[in-house]
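One structure follows; several queries about it will come next.
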Amino acid sequence: MRTAEMMDAHPAQITLDRDLLARTIDALVACSQACTACADACLSEEMVAELRTCIRTNLDCADICDATARMLSRQTGHDANLIRAQLQACAQACQSCGDECARHAQAHDHCRICAEACRACEEACNELLATIS
Amino acid sequence: MRTAEMMDAHPAQITLDRDLLARTIDALVACSQACTACADACLSEEMVAELRTCIRTNLDCADICDATARMLSRQTGHDANLIRAQLQACAQACQSCGDECARHAQAHDHCRICAEACRACEEACNELLATIS
Amino acid sequence: MRTAEMMDAHPAQITLDRDLLARTIDALVACSQACTACADACLSEEMVAELRTCIRTNLDCADICDATARMLSRQTGHDANLIRAQLQACAQACQSCGDECARHAQAHDHCRICAEACRACEEACNELLATIS
Amino acid sequence: MRTAEMMDAHPAQITLDRDLLARTIDALVACSQACTACADACLSEEMVAELRTCIRTNLDCADICDATARMLSRQTGHDANLIRAQLQACAQACQSCGDECARHAQAHDHCRICAEACRACEEACNELLATIS
């Protein structure tokens, strides 16, 4: 990931902390990939019927993290209301998905790893949220 | 779009109103396409430098509408907190983008049409939000 | 969908047929929504274990159709090699997904409707491909 | 990114090389982020009017890389024809975008970094393509 480099090379005045922004984008992108992979790994498990909620929650979380990462990658203009609302939704998605994956963490390594990615992403979103006035 | 048909064919018990869900998904998908097309049409305008905020807002709105349409297309399990938060963020994105496009509606037909798509989508999101307890 | 209206309002010179472009984008967007909904409906079926390939193919097709619809919605500049390659990949995704859904069409209405959306989208992509020199 | 860990934790038999898959996904995700950020950085440049093609190509490349990364993150079932076609389209997108960004590399650091991300991604796609029979 060249996120921090790209953030430093941006010509706009950036209101938010560039390092924190870059770290949050990286956490979002990593969480999205983990969720897409976890949904598919769950789908391949013998006990797929018991992993329905996990798969669905993974798919939602991947889509919402992707949209949030793209929004944060843009620094032309600044809409604090939108950033706040989308970060709140994303933190909620990561919390729901982290909780669900944690339920299957002992049975499935992919759920354990994905839960970690969700927790890290939820924290990053909340840390960034705290800096938006 | 076969959204209503697909919603009727879903085997799950669906808590929310199926017609309203299908109409909201259609509005989201139409808004996302209009925003993607408007961003690109703005990019082709001679006065592109004055349309920077419009392009940026269009891109955000397209990404957020897509993620929201996908979330609403899923009815396996039901996470009212997540649906509420994401619909709120999406209504905010549509409001910001509709406001920005409306500023250029007289000069550019694509901004006028896109503003209409944003307004329709914002209303649909808010109507659905009102039914989520 | 305001796709045709948006295409008409675009300021760029457009090499391809605007009506055909708009119809193809509509088919792509409809196919993507049907695939996202079909993946989730399959996930809710009792026989989910037999629908693994269908779910996976649906998810791929949705992602590829979305990317293709976005690319076609942009008319600033024109990269015939890229459009051709992406349309070929998308027609392949729609064919694979249409074939897989057709296998379950008698058992599941959502698979029957989704197969129709995939066939319509595959045809639209191939029709547009035939016009690209 | 936990891509390699997630790939190792997948329960399916995976035909392709897991390390190469994980590296390709990482390159795709990094390229998509760089392209989204580069499009926005170009939009903020004073000379935005001269960067139109760059912005448009960046947006296409980001969408196509995202769809390809998601497809490769799924290993339930294996559709060699689809993987091949989508990887070819993606390599084409990365080549077009890398070429375009390279033209502005001396003037804009974000274009230089983005061109590197595109080259790395194009190579990874081609390396993976060579292993698909």
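Think of it as A, B, C and D in the order they're written, each chain with its own count starting at 1.
We adopt the following convention: a residue touches a chain if its C-beta (ideal position, glycine included) is under 8 Å from a C-beta of that chain, and two chains touch if they have at least 3 such contacts.
Just so it is clear, the model here is predicted, and its values are computed rather than measured.
Asks: Considering B-D alongside A-D, which chain pair is linked by more C-beta pairs in contact?
Replies: Comparing A-D with B-D, the pair joined by more C-beta contacts is A-D.
Asks: Look at interface B-C and say which pair in A-D, C-D or A-B is its repeat, using the rule that over half of the contact pairs are identical by residue number.
Replies: Residue-number overlap above half with B-C among A-D, C-D or A-B: A-D.
Asks: Please work out the Cα centroid separation of subunit A and subunit D, and write it as a whole number of Å.
Replies: Whole-Å distance between the two chain centres: 19.
Asks: Using CA atom averages as chain centres, what separation in Å is found between subunit B and subunit D?
Replies: 27
Asks: Would you pick out the residues of subunit D that each touch at least 2 other chains?
Replies: If we look for residues of subunit D contacting two or more partner chains, we find 40, 43-44, 52, 55-56, 59, 66, 70, 74, 76.
Asks: Work through the pairs of chains, note which ones touch, and then classify the graph as line, ring, star, complete or other.
Replies: Basically all the chains touch each other, so complete.
Asks: Could you list, by residue number, the parts of subunit C that touch subunit B in their complex?
Replies: Per the touch definition, subunit C meets subunit B at residues 1-3, 5-7, 9-12, 25-26, 29-30, 33-34, 36-38, 40-41, 43-45, 62, 66, 69-70, 73-76, 108-110, 113-114, 116-117.
Asks: Under the stated contact criterion, what part of subunit D meets subunit C in this complex?
Replies: It is residues 52-53, 55-57, 59-60, 63-64, 66-67, 70-71, 74, 76-77, 79, 81-82, 85-86, 88-89, 92-93, 96 of subunit D that touch subunit C.
Asks: For the complex, which residues does subunit A have touching subunit C?
Replies: By the definition above, subunit A touches subunit C via 39-40, 43-44, 46, 48-49, 52, 55-56, 59.
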